[in-house]
Each structure stands twice: as structure tokens, then as C-alpha cells.
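Listed after this line are the structures, all set down as C-alpha cells.
After this come two complexes, each holding chain A, first together with chain B and then together with chain C.
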Partner chain A sequence: MDVDNIHDLFHNSSYSLPTLLDKLNILFTLHINQIDSFDLNIVDYKLLEEIKEYSSTDGINLYFGKTLRDIKCVIEDDIGRKHEIFIYSFGSKKLHVNATLPCSHLINHDYESLGDIVRTFTKIVSDLSCYFHQLEQIDQLCAVMDPESPTFREDYRRIYLDDRTWLHVEVTADGLATNIHLVGNTEEWHNKLQTGLLQWDHDKNIVENILTMFELPSFSFPSAISPTKEVDDISVSVCRICLCVELPGLCGLPQPLCKNYACGVFFHRACLYQWLIACAGYQLADFGVATGLCPNCLQPIDCDEKDN
Partner chain B sequence: MAAMSPSERRLQKELMSLMKEPPPGVTVDGDQASQNLTLWTVHMEGVPGTLYEGEKFVLQFKFTNKYPFDSPEVTFVGNNIPVHPHVYSNGHICLSILTDDWSPALSVQSVCLSIVSMLSSCKEKKRPPDNSFYVKTCNKNPKKTKWWYHDDSV
Partner chain C sequence: MIPGARIARISREVKNFERKSPWGISCRPQTEDTYDDLLVTLLGPKETPYERGIFNITVKIPDKYPFEPPLMKFNTPIYHPNIDKGGRICMDLLKMPPKGAWVPTITLETLLVSLQTLLANPNPDDPLMIDIANEYKSDIQKFMENARKHTEMYATGR
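And then the complex of A and B:
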């Protein structure tokens, strides 16, 4: 049997399995010395070539994961932050990407080649330099209440001001603050926010602006959370309705939604909304804002269906 | 094990905290409740120094899958139903937080405490005035009763 025929062995389905095994056996025992190498199209040579090419590029490191299809690409940015891009190859010209970056449209998207991915993400990483810097500062200096474990994927931060009030800030790709508002606002913070927003200086860091706006010397931390974020007692932030912190299937952590300063309980927006519309006889709320009484202190409360 | 529904998760947490730190005189049958999270049996002792001192009562809690948006169905069961102006001889309890004034911020523990305090503040052991009529005509589920709460003093 000829070595060239090995292709036919695999690509011709006319053999039954025992026949195939027999033929392979004969091939290997009799012709073992003649077989140098053969191509079964199992290996994606193009991808391997690309990996070889990019692993010698500066600022880019490539690693294999559990299989040859799992590749990790580490892109270093201008100040040496390492951004990990996880790539999975579904076969030739079909690469899937996952990364803790804010650009979901680029992540849930298939790429044709490793080169595409490296070019796209090197550009993003360099474009987002200000964005990374601002978020990093917030995460270092403030008590971030939400997201629970902040990464660069989330473009917002909810910063602890006091037990009843958080500040919501979103960061644009250029590193500017947007959609700044209070969660569980009380009048005192609200007034400062109103006047402070007018004097917001986009040339300064977000953290500095927040400190100036609220006339704070530094950020305070909730008693249960030390700056190192070792949370022992999470009961402070449990939703009073479902008694949980995380709600399966719904994003968002419990928030101080009741504006009564004496109340001090937290709710998931979805739990509170569900209760308020249940009290109203399951009628849809006007403009998506349900109103009623706080389940805890029975003071008037309202709840937006969506988290703005 | 299948994923727990939000109501089961909440009941599980309540059960754990009630077993760990029960209010005085209150014990929950943890084995039974963990077998079936929607049906709990709670044992309650009359508070010393009140009319119910030395008595033992059994409460039954039934939960729907809408709990805590839906209030629990709470009744006294067993041989000893407390003789009290708000407790019918079939075990039904006339207590506003069990129906109209229910809130999801309440819990099994707070319901137990309300019932303990309702019993403890009683000055005369007697059945509600409409007891015999009510017991004959009522639905098995006390939540189907349109209660009107005559007084808040007991």
C-alpha cells in the first residue's frame, strides 16, 4: 500500500472501521520507515504560522491553553498594564474572542485571523488608555459598591458616600465621566451634586472632581468593608426582599433605594419593582416608574424599572 | 439538585437564621422544613408572666412560590389552639400583617414575634365573638377571609 493513499484511507468513507484499522495496521507495520509526514488537515497551519509570527512581536505574548485551540493573547499597553484576550479557534477562519474590556460588540464577534484580533485589540487597548487610568484610580481610592468585583469590562462604578448614598459614575472611552447621579439620594448630597456638576473640570481626574464636588478630604469606606475589600459581613448589603446579594439572571446589586434616611435597607431594583407593581394590582407603571410604600419603613418610595 | 427558585432561596435563608437564632420560646422543626420548604411547623411556648404561661402551641406556615410577594398562610394547628379574641377555634388568626398589611420585608421570624406579642398582651382568654359562625362558614385558607380588624389593642 502506498503512503500517498493514506488520504484516501481517511477521506474515503467506503471502509468499515475494522477494515480501516486493518489497513492502518498494515500500513504502519510494513511501511513505517517510509512515512515521513502526512497532512490530515487536522492542524490549522495558517493559525500556527500566525502564532509564530506574532509571538515575536513586541508587547504581545501568546500562550496555549488546555488545547491547541485555546490561545491567550496578552497585550501590554503604554504603561505596562497587561490585557488578556482569550481566543478560541472553531476551525479555519473562525476565531472567537473573550476579554475583560468594555467593547462588547468587538468581543461577541468572530474573527478570521489572529492578525485581525491582534490589530483590533492593540488599537482598542491604546485608544482606551484614559479610560483604564480613570477606572483604575476610582478602584484604588474609592469603595466601589457595584460592580462587586470591578473590571475594565464594566464602564460604571457605584461609589460609597455614606451608608445610604452611593454615587453612580460612567466612564466614556475617552476617560470622561458621564451619567453622574446619586443612588438612594438624600437632600444634602443632592444639593452638593447639583452645584458641583456645574463646576466639573474635565481636565482633572474623575476622582479629584468628585472630592471637590462633595468637599471631601478623602473617600470614606463602609464599616464592613476595609479598603482591601475583605468583606466579612455582607449582611449589610443583602436585598431585604429576596435576602440575597446576587440575583440569578438579573444583574445589579442591592441598592439603598429608600430615600427615608432612617430606613437604611437595601433592595434589588427588580425585587422592589415587582413588589410595587404587585401592590398596584399588577398594573404597568406609568413611564416605567412604580410608586408605593417602602416594604420596610412604609414611607413613599418609587422605583424605576430600569437602572439608569 | 435543580437550581433554587428565588422563593426557595429566601426560605432557605430564613430557615437557617431561625434555627440559628430563634426568638425566645420559638422553635422551628428544621428537619421537616428542610424536607419541604413550603410547609413549616413552628412550636411556640406561652410567655412566662402572661395568661398563656406554660402552654404549648403549634403554628403551621404554608408558602406559595410567590413568597415573599405573597404572604404566608399561618394557622394554629394541633390539640391546643390558644383561646384568644383574635384566634378562632379552627386555628385561624385575625392579624393584619398576615393579609392586608403584609410586606416582603417581614419574615417568619417577625410573624412569630407578632403572634407572641398578640398573645402576651391579652387580658382575658376568650374566643372571638363570631367564632362559631366563622368556623362553620369560613374557607380552609384563612387568607380567603375578608377580615376586618376591629381593634389593635390585643
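And then the complex of A and C:
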């Protein structure tokens, strides 16, 4: 292989993965002496072998990113959803993984081989089939207010009920709903939730259960979903205390925390809590619930320190 | 404490000022990229004795902003019942509740517009300068005359 061939290798994008790997292999094993400043450690032969092996496996697709250390592994599940696993190789037997899946304990973890990763994640993907199905339905049929752009990594959804009320639902690995509660709750929704929870039918989909619980024909969508509805030049969904949607170091989006229907502004829970504490002379709140007046409408308001 | 809230909010507010500022108000940080102290220039409202006056105000953004109000002070002397010789301003919005009316939903812009309104409409029933307040109540013409002279002497940039 001469210089022209090497040039061709790096500039020709029409090789199939096996061919490319073969060519690279030839380059690395036979012509390594001709390349003076070449660090042998950057090539992980075992990994390349594994990539070759798995790139011909059904339901698994492998792609290189910007470098040979960046690998994307796409695993298809039983109904053809594609789950992307991003793999970064730190050197031999050290592979770091990132994926939009809820199992953070498996993601923040180093793997020894590509085989390890493929086996672990193929199993997860098939185990979580119900989880994916339920979240997918919610995302399709409901207006999800939080997370801002939902993925399978987040196991919760905050569903729009009306301008002042969202429903928080978490989905377990088995696809069951848990920790269901209202955000910015008002009495009417609250009463329906209380009776509805008793009649929750785990054989039905989460979406169906929610519709039955609140006696809704279908989900409503916020009229403000077009970002044109603005109050004083500040779009509705920013926190009216810090004027931001997302704050560095703070999780959670602004929520409709004031129960006064006429008010309707959003706050980060942490911002509102901090303000109520500041008004009380920085005394800690009893039971973690601060009380005071809504800084927008000056009606009584309370705020739990934790977003449960 | 929420460390990001202060810087995120104040930088946004200052940028909003650069984009579109209300009549007669300009605002910029004293040193670039830090928002601890802001320099504000306020033009005296029209048809008031402060007309044609250019008033410099320093705004100090406290560490706990926006959970505490900014501290504002006139650097240009002004003849007004609610602003004393040291430039301190007596305004509800600049004080914490329960005595004051500061809430974090008030923006810097709202505050400065309110300050302009205070210049046009003094509040002699809650004075800092009792003599000026009494003059305002008993002899409005004399007050106007004094305020105009004061403005001309100290605030016309001469």
C-alpha cells in the first residue's frame, strides 16, 4: 500500500465497513514501519475485530464517528425502534457508553468489550419494551411540558391539563405508572385525581387511564404552544424570577406554581422557594414548605422545597 | 442559594436594555462582563422641573439579587422630596417586604421607569427631605422654581 492508497483510503467514503476495516488492518499491520510518528496505542485491534464481528449481526448497526474511537451502535428492538448507544474508547478494554435510556447505572459504567455492551444493551432494550411503548404513547397523544424535549432517558412526563395544571407521571421499567400527582394543582383536578387513582387499571395503557380518570375525550394542548403568546415581552414559560427557562445547576423547568387562576405565571420551584425564604428573613421553612405571597399576583402561595 | 439565577437574570436584563430601552433611560455595566455595578443615565421627564436634566444613577446589584432589590443612588444632585442630599431614594419598590414592595418579578426596567415616574410625581407624604416636601405642599410654584434652578445648576452636563 503506497501513499496514494492511503490517501484514497481516507478520502473515499464509498467503502463498506468490512472493506474499510480490512484496508485499515493491512495499513496498520504491514506498513506500520513506514509511518514514523505513529502511536501504536491509538489502534485497538481487538476492538476493530469486534466491530467487524458485530457489524454483520442482525438488528445491530455500527458506525464510526469523527474518530475511530467514537462508535455508534444502533440496536433495533422487537418493533423496530432504533436505540442509539454512543461508545467512546479510552484505550484497550475501557469503553465509555452514553445512551438515551433510563438505566443510568449501566450508562455511567465502563465496559471491557464491545460484546459486553451489545449483550447488556440488547437485553435492556428488550426488557424495557413496555416502558418504551407507554412513553411513546404519552409523547404522541399528550402535550408534554416537561422534559422540554422528552427522550427515553427521562422516566417521567409532565402532561398539560390546562394552563394552570400539569399531571406528573413516572413510568416504571415494566411500563406501569407511578408517583402520579398534579403540578400547580387546583381543587377540581385534585378531586378527580383522588377518585381516579383508586380506579386505575394497570391492564390498560397509562394514556387511557388518565383520560378515564379526568373524564376527558382527548388531551388538550396549550394555546401558548406557539411561542407568540407573550406577557410583557417575556414568553410564558420562562421563570418570572430568574427570567430563564433553564438555569445552570438547577434541574426542572418553570412550572405553574401559583394556584390563583388569574395569575398564570411560571416559576422554577427553587426560585420561588428562595424568594419565599428571603421574605421570611432566611428562616428555614417548616417541613420544607415555604409560604408567603406570589410575587406576581400577591395571593397566598406555598412552595415545597422538593419537586416530588 | 441558586448561584446561576443572579448572573443569568442580570445579564439578560442588561441585554434587553441594549436592544430596546424605554424613553430617556440608558443602562450599562460599570466594567464590562461584570454586573455588580450598573451606570444608569436618566433624562428628566418632560414638562417637569427636571426637564433637560441628565441624572446619573449607580445601581448596585446585591449578591442575593433578584431575591433582594438592587441598591440605587443618584450621583447627580437633585431637588426632590423623596431623594436626599446623598442621593438616597425613598421608593417602596426598592425595599424588601413587608415594609417595602420589592418582588423579584419586577425588572430593572420597571424600577427605572418607576423612578422616572417618581420624578414627575413626588410623594410628599413619605418624604426624605422634609423641607422640600413642605415646600411642595405649601407653595408648589416655589418648589418648581427651586427644582428647575437646581436641575440647571447640577444636571445639565455643564
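One rule holds for everything that comes next: the second predicted complex is superposed on the first by the 257 of 308 C-alpha atoms of A that agree within 3 Å, B and C clash if a C-alpha of one lies under 4 Å from a C-alpha of the other, contacts with A are read in each partner's own complex, and residues count from 1 in each chain.
FYI, a residue touches a chain if its C-beta (ideal position, glycine included) is under 8 Å from a C-beta of that chain, and two chains touch if they have at least 3 such contacts.
This one's a predicted model, so the numbers in the text were calculated from it and none came from an experiment.
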Fit or clash - chain C, chain B, common chain A: clash
Which partner reaches more residues of chain A (counting touched residues only), chain B or chain C: C
Contacts of A:Q274 with chain B and chain C, given as first, second, both or neither: both
First (chain B), second (chain C), both or neither touched by A:T172: neither
Touching partner for A:N260 - first (chain B), second (chain C), both, neither: neither
Which of chain B and chain C A:I241 touches, first, second, both or neither: both
Contact residues common to both interfaces of chain A (with chain B and with chain C): 240-244, 247-248, 265, 271, 274-275, 278, 295-296, 298
Residue ranges of chain A touching chain C (in the complex, touch as defined): 233, 240-244, 247-250, 265, 268, 270-271, 274-275, 278-279, 293, 295-296, 298
Touch list for chain A against partner chain B, complex: 240-244, 247-248, 265, 271, 274-275, 278, 294-296, 298
Parts of chain B lying in touch with chain A, wherever the complex brings them together: 3, 6, 9-10, 13-14, 68-69, 103-106
Chain C - residues contacting chain A, complex: 1-5, 8-9, 12-13, 16, 64, 66-68, 96-98, 103-105, 107
